[in-house]
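Note that the chains take the letters A, B, C and D in the order they are written out, and that residue 1 is the start of every chain.
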Amino acid sequence: MLRVGIVGFGYWGPILARNLRAHPRVRLAAVCDVDPARLAGVAAACPEASVSTNAADLVASPDLDALAIATPAASHFRLTLAALSQGKHVLVEKPLATCAADAERLVENAARRRLVLMTDHTFLFAPPVRRLAELVAEGSLGELQQYSAVRVALGRFRSDVDVLWDLAVHDVAVLDHLVGRMPASVSAAGVAHRGEQVDVAFLTLRFPDGLLASLHATWLAPVKIRRTLVGGSRRTALWDDLEPAERLRLFESGLAEGEAPADEDLQRRIGYRTGEVRAPRLEEREPLATMVAELVDAIEAGREPIAGPTSSLRVVRVVEAAERSARLGGVPVDPATGAPVVAHP
Amino acid sequence: MLRVGIVGFGYWGPILARNLRAHPRVRLAAVCDVDPARLAGVAAACPEASVSTNAADLVASPDLDALAIATPAASHFRLTLAALSQGKHVLVEKPLATCAADAERLVENAARRRLVLMTDHTFLFAPPVRRLAELVAEGSLGELQQYSAVRVALGRFRSDVDVLWDLAVHDVAVLDHLVGRMPASVSAAGVAHRGEQVDVAFLTLRFPDGLLASLHATWLAPVKIRRTLVGGSRRTALWDDLEPAERLRLFESGLAEGEAPADEDLQRRIGYRTGEVRAPRLEEREPLATMVAELVDAIEAGREPIAGPTSSLRVVRVVEAAERSARLGGVPVDPATGAPVVAHP
Amino acid sequence: MLRVGIVGFGYWGPILARNLRAHPRVRLAAVCDVDPARLAGVAAACPEASVSTNAADLVASPDLDALAIATPAASHFRLTLAALSQGKHVLVEKPLATCAADAERLVENAARRRLVLMTDHTFLFAPPVRRLAELVAEGSLGELQQYSAVRVALGRFRSDVDVLWDLAVHDVAVLDHLVGRMPASVSAAGVAHRGEQVDVAFLTLRFPDGLLASLHATWLAPVKIRRTLVGGSRRTALWDDLEPAERLRLFESGLAEGEAPADEDLQRRIGYRTGEVRAPRLEEREPLATMVAELVDAIEAGREPIAGPTSSLRVVRVVEAAERSARLGGVPVDPATGAPVVAHP
Amino acid sequence: MLRVGIVGFGYWGPILARNLRAHPRVRLAAVCDVDPARLAGVAAACPEASVSTNAADLVASPDLDALAIATPAASHFRLTLAALSQGKHVLVEKPLATCAADAERLVENAARRRLVLMTDHTFLFAPPVRRLAELVAEGSLGELQQYSAVRVALGRFRSDVDVLWDLAVHDVAVLDHLVGRMPASVSAAGVAHRGEQVDVAFLTLRFPDGLLASLHATWLAPVKIRRTLVGGSRRTALWDDLEPAERLRLFESGLAEGEAPADEDLQRRIGYRTGEVRAPRLEEREPLATMVAELVDAIEAGREPIAGPTSSLRVVRVVEAAERSARLGGVPVDPATGAPVVAHP
């Protein structure tokens, strides 16, 4: 049995608790929150778990193998570092850390101690994304050419992080999961219309092989849209979380591979033609159940999990580069170095 | 009667012809195309119009008051200049010209000769955009905060212009029409995946007052999406040309003006709440009929039309800036000067 | 505190339990199921509730004020009668009973003993239906003219009841809730394609004032549709549970009240015009929480609840009439008498 | 060349004219309308066609091989009979006639004279229906089990026919085209809410093999819906003319052929699961072009066309039976005999 403790029992902690407890080889052994009121229901709901208002108790406890950290973003680095130092595997809420330097230190630490470090990039475990990842991996979409993700809604304003670290990070993680590498440059625009934190952000990512990506994230739109277009040379996928019956659709490209459409001719024949559309069947497992299974398997096998250090670090680098670009008025930034990329005309 | 000639009778010319002839105070007096085959049907369809394979005939004709130019983009500048020089009002296919310098010369020329110069930015006359413009003008959306336009489909590849001048220009024109001013900077990413011309483009526009805009234009996506989100402090509008029954929808912002949402509190109350949604009734006039009426009225009144020189020039400047930014790897460009805007960190 | 016991702890019982316990003036005091395995989790989850495998224990218990009966439909009559006889208020899963004679006996019994009897017609408490009912009541739709409900999906096959008693009953209840009276005749068609029970059913209801209604219910369609059109002389409402952002929409009738459209004239002007569409904001309370509140309030006030005896009995009569009509090959049946209605040509 | 004359040049006539003229082996030789104003534009638009205000001229003309009759429904029988009597092939607007007796006489007449008689059931030639018909014919949907068609909108009120003969007839024709046989009984409900003609109608059709169908047709709904569900034992098709990108979708049944789902077990596994969805690519030919081609081919080959006498007669019988059922308060009517079908309980 893997003995897990949860640090932070606000909105996300109880959801994690439910999913951890549902795994046959996990025992939820401890729960911690600075606010004792939040711990009130724990005894009834999880009688097997001890409770504490001091994270240090769990970090130091010899009776825990792993910690799930669900505290505000600012404390992720400190708590994760402490947990790793005490030999514990860590699952941490996204983002892994709020700057690349911190994330690097965590990654090194986990590697040195051979501990599993995983970020809770929940969407990587959502059925449409799992299917998308398979399709991309098997070449079903062809060469990726364009990617556009819109994640807008009203509310869940945050005062501890901006919309880049809160929402855009989801799409950065999904894109990273699909392509497994960093963009050559990132540019961004962000504005704080309502409060102190940037609440509207647009990101553009340029990959060395020509793939372009655009992300739009905001808390300010009173219409909920969660739509990602993944365009490849063979097929284009549309992932729309608000189309319950067809969350993932695949559109056949009407063009033969390599066909170079000349103006007048092909244009007329093609028109705005639509080819066959397919909505593949998706598995129906809850994303967090899949994530917990991945965590447990990775710990048992001593391997790097999905959403593990390598990809989590890339995600932090990209978001950090976007933040810097936004501050620089949109100048592209290389996420590998953090430096502006200014071509000389 | 306004005597109008059409130069260029390929795809768009006949559509213009139909709409010009339907106006009670317009006489379609001449049609010209370099390809005599295209003129074959003119005699039967428009017996009142003379035909020619030489644009110079129409430009010089004393029997025409105005020319409608529907030729490939590269010839717009030359033909429009010639027509203005011969004292003719001009309606020209978008874009007005393919560089700002040319566009400026046309604008100056038209101003000096007091001639009407209008670009066929058809979407400005589409019922949803007309309604949107009213809503923005009357303050119904509040202060504009974010704008995101997606215009993707498969086909209508062009070899004479790239996707910026062909598709993104529509959305630049609509946005310009709504806000009536130029962005402080434009950045862009564009790639030519299929042929010689850029066929996937993402643009980001930053306005001095904090409005951010993002455009996505491509010929390469085998799914047709035409969706524009216009987010204001009071309401957000969604214009979706593929939702026939609700092409324009308005979403009430759930937030009171100026309300600064604190994290935990408001967040919980707001959740992802949805307010009232309204799809206003739209007029049902064909956009080109409205455009022709605007052209005729402007000529008769000697006033600047919608899609007239001032806005058309701004549109050309913005697209040109986007092109330059894309060539510079995404460095933002000031459309007023054409110069890169590099903040020093 | 209202002391409530739950009889039947399969799929629905635990959901009821959660909602009953969440009410501040309810104490969940006992849970019963014939299958002891289902009671295993009760002690941990609801430590305050006693458990039993014998419904008679709860029926007879002096420590309970009300019973919630969530057993298979066949036992509703027997258990409800027993509970009423022991002076207990009853909330029973839909349908109240599977024949009108039984339902009548329950209604009489409850009336005589002044006990609250309520059927768990959950959809009556769903936000879109509550809003619809307000709109109909305040005359906002005008006079109701047509009603069409489609409730199709794959699965949740039942062997104890057919699709009329399982699914169509929901829409019969909603329609009854909106109009508050019985149709003059009901005709139906039903077929058992897969198993023993009718799994595809179409119903037609004719009301004395000209309102026509059509219901389509099936377990057999591998596409999920839940759509109800409520057409009135002033407005038409569309309730679609699978449009998360716009579950209820209102379409303005383009016709003035009483306007009698002559053929050629108005037809051309009207075309297929679309008027303004509005999606009113809906409350966000869970239907079952509203239902529990209604139960408690009705018991405390000694009044008839929504989904009380009067309407529940009408619902049973209509479904029974539909069953009879289907068996008679579609001959209309008067739900008040159960007799075929055959006009003589 | 097939020499065709058009009788009736109101709304539909000019559309027919355009499509007839576009066929390489058709010559539009004459056009007739009682209203000379409608003929005004013919000379310019179709200089090769003679014009007349007297249908008798065309009926008697030795220079015509076929007539296309696009007059009000009441005159279809008389004009078609006259044309057939003069040895002319006939394409007639739907419905073929407004009673079965008349339709029979036309069918006999055409058969005796070996003339092609075709009803303009345009939807039979729409790409989604053509694809649907192929799918049904090749068994791709399995055995048909349920059919539900909704055709509602506001407007195009008719004073010459009711909504059964105007709108429901489309869906009766499509269903007949798919299954090629008549239902055992038809029941209907219809009300005239606005004018003299029935403007809301619901039909139920029962086929001998268990297929049930339901149609909803109205002019009175200020929301446009055109949706047909065709449910088979293997797949279910959804044809929605207002989903431009996916007008036809196919949903895989999650159930194995013959699998009899037991209550508790399968139900849980199935839940409301969704299988794969596929939107097949559709041809992009205009329905009327396909229809004209079918007419010409049938005349040239001397064969019965799609929408020929056999199916057109069945369609008239079914609509007539529905009308009778509605007048009888919903008693089912056998379309083969026109007699009520009353099972004795």
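What to note about this one:
In the analysis below, a residue touches a chain if its C-beta (ideal position, glycine included) is under 8 Å from a C-beta of that chain, and two chains touch if they have at least 3 such contacts.
Fair warning: this is a prediction, and the values are worked out from it, not measured in the lab.
The greatest centre-to-centre distance from chain B, using averaged C-alpha positions, is reached by C.
By number of C-beta pairs in contact, A-B leads over the other of A-B and B-D. In terms of their C-alpha centroids, the spacing between chain A and chain B amounts to 37 Å. Chain geometry summary: the mean Cα position of chain B and that of chain C are 52 Å apart.
Centroids built from CA atoms put chain D at 42 Å from chain B. Residue positions 223-224, 245, 249, 252, 271, 273-275, 277 of chain A each touch two or more of the other chains. Chain D makes touch with chain C in their complex at residues 145-146, 148, 150, 152-160, 185, 187, 189-191, 193-195, 200, 202, 204, 206, 210, 212, 214, 216, 218, 220-225, 229, 231, 233, 235-236, 238, 249, 251-255, 259-263, 266-267, 270-275, 277, 324, 327-332, 340-343, 345. Touching chain D in their complex are the following residues of chain B: 44, 47, 223-224, 242, 244-245. Residue ranges of chain B in contact with chain C, taken from their complex: 245-246, 249, 252, 271, 273-282, 284.
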